[in-house]
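These notes are about the structure you will find just below.
Chain lettering (A, B and C) follows the sequence in which the chains are written, and residue indices restart at 1 in each chain.
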Amino acid sequence: MALLRHAARVAWKDLRIELRSREIVYTMAFFGGLLVVIFSFAFPRDVRAVRGAVPGMLWVAIALAGTIGLGRAFDRERENDTMRALLLAPVPRLAVFLGKAIATTVLVLAVAVVCAPMLAWLLDAPLFAYPGPLVLVVVLGAVGIAVIGSVFAATLLKVRSRDVLLPVILYPLLVPLFVAGTSSTSAQVAEFPNLDAAWYWIEFLGIYDSAFLVLSVWVFESLVIE
Amino acid sequence: MKKLAVPLLAVLAAIGLAVSVYLVFYDAPLEYSRNAELQLNGSSLFFNQKIVYFHVGHAFWLFGAVFVSGLSSIAFLKTRNPRWDDIASASTDVAVAFGAVVLFTGSVWAKAAWDVWWKWEPRLTMSLLLWLILVGYVLVRRFAGPSADRIASGMAIFGMVVVPFVYVMVGEGNSHPQAAPGLNPSEGVVGKISPGMRPALWLSVASFLCWYVALLISRVQSTRAERELRELRERGFDLGVLS
Amino acid sequence: MAGIDRVEIRKLAKRYGSERALAGVTLDLAAGSMCALLGHNGAGKTTLLGIVSTLVRQTGGTVAYRSNGAEVTGAAVRREIGMLAHASLCYGELTARENLALIAGLYEVDGSAAALDGALDRVGLDRKAWDRAARTYSRGMLQRLALARALLTRPSLLLLDEPFTGLDRDGALSLGRQLGALRDAGAIVVVVTHDLEAIADRADHVAILRRGQLVFEERGAYTYEQLKDVYHRHAN
């Protein structure tokens, strides 16, 4: 389908630029890793207490680093006003949105790929006890952040206080995503793992992502064109 | 007729409030906790539970206002008619005020029921999240510059869609605290209420509906008047009448 | 499709919140003409250009694009538009060739090496820079790349927003000449600019905006002196 082809073109453009400069990936990943280290010091040495906090640490790192990466990825379209060029192209504006969302998902996943092993290593947490559910929940979380984040990052592109307004708008909307992520991860990591709960929250995330993807597709052009 | 709407609704709300206050304090049964442990500790709510009538009344319309904002934001994005934006903005302003009341009364109730100023129980959590989204909307309107109406509309629509997810989320993941059976929060967001209390509760909900609509209309009128004044000024400048 | 040969703007209005940027602008643009859109800052020129380029949605009025009398809508309009602005609209991390390849892909035009190289040659971009990242370019080189980008898709409606800013005298004259050639080839050219000297003796249609309204419009040749005079009389 032409729409997906153009979206892939936009996404590939972003990823190719990122591969070349590696600016966002390095800074995001380093920031995420740094957060993990800080968390390790912030909590007491009692193993059981820390284990309970590990899912939260993972998702806070994803949240903070993810939002920063999102902001930076769209900031790039401000230099030389290339967002205008993308919107001017005869491709459906939706393709621009999908392309940016795909690229952002990859960036957020890069953060998770760095933070999860670090947490498992530094805090001796069985984060990878059930790799399937873990990967699934992290991917779904990244997609959710990317989809909602891309809508508002694109909408706020020309607004002066966008650095502050983006988190203000994004975080409350993403709360169900983070609750689902941490709940599912907790259920996997707990002393007596509860896989039913873990899958329940994964389904919840799946529905959440689908609902907001549909909404974003419907509303994107109205929001982004002044 | 339009001119009468606000005073009429306000009077209705006042009457409703007066009657419900009467019902609340004189007619509705006192809440006796059937929970033995609570009775032992003497922390059954009794009189304090009555704050729930004001809490629920405002909470209903907090949620209602979120949907009003969301729906009128959709209408605004589709038609770009500023009147829809006026409604969305006014509804959110009122909702922020109602939300503050909900959180405050909720906190007082939590102190009376569980001796803590806050508890992450379903209804309070949901109210807090909704309130944060609404406050975000107000901030965006204030600080986003000339296109604030469009951006805030987006936020209102997303906020509206997120409500069912928050609802499901708070129903599951939280502990079930000991609670007064009058309005049992461990049963999710909308609790059960004993029959004796129902008239007072529904009357107070209805009164606050009148109050909400009165505030909404009044706020919309004032926003619209401001906007029309600005447009007249612009036209005056163009015609050279003003300088 | 033959390309857009007429743009009919009728009673165009744009309001941002309660601020009125455009009020009742009616204007016709025809093929083979270059329109100079003039006015002070805040007069609404950029807004008008934004609406004509479909990047801004109007709050009132209509814009109709015609090709041989039939109306053109949607993505087909964007396919015919070429834009040149103060910003280069090109990605700094990509090379000139990569930037053009991206455009060729998005606009579905010939993206072969021959076509892209030809476009870069025509604007006179130094061959050695073709495989260097665009952020290493000088301002003049960046402007050439931006022009190549705009012309690659052979647009019939060329919209320029302050294209002469930052160019030296020679660069501005050269660009003016190229725009004239495009106009002679049948394109509709609209130039928003403060640089009256660069546009003088080239534009054949002058429109002046003030506070969102069209206060002056005339077709004909204009010298620099005439432009200055007309501007001072009407733009204030």
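The rule is simple: a residue touches a chain if its C-beta (ideal position, glycine included) is under 8 Å from a C-beta of that chain, and two chains touch if they have at least 3 such contacts.
Predicted model only: the values in this text are computed from it and were never measured.
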### Summary
Top of the farthest list for chain C, CA-centroid basis, is B
### Query
Which chain has its Cα centroid closest to the overall Cα centroid?
A
### Query
Distance from the CA centroid of chain A to that of chain C, rounded to the nearest Å?
38
### Message
Roughly how far is chain A from chain B, centre to centre by C-alpha average, rounded to an integer in Å?
### Response
31
### Message
I'd like to verify one number: the distance from the centre of chain B to the centre of chain C, where each centre is the average of its C-alpha atoms, in whole angstrom.
### Response
50
### Task
Identify all positions of chain B at which a residue touches two or more other chains, and write them in rising order.
147
### Query
For chain A, what residues touch not just one other chain but two or more?
226
### Message
Quick check: what residues of chain C touch more than one other chain, meaning two or more?
### Response
16, 57
### Task
Mind listing the chain B positions that touch chain C in their complex?
80, 82, 146-149, 226-227, 230-231, 234, 237-238
#### Entry: Of chain A, residues touching chain C in the complex
6, 9, 13, 16-17, 20-21, 79-82, 84-92, 225-226
### chain B contact footprint on chain C (complex, rising order)
15-20, 23, 57, 59, 211, 213
#### Entry: For the chain C and chain A complex, residues of the former touching the latter
16, 50, 53-57, 75-76, 78-79, 81, 83, 85, 87-94, 102-103, 105-108, 149
## Note on the structure
Touching chain A in the complex, chain B uses residues 77-78, 129, 132-133, 136, 139-140, 143-145, 147, 150-151, 153-155, 157-159, 161-162, 165-166, 168-169, 172-173
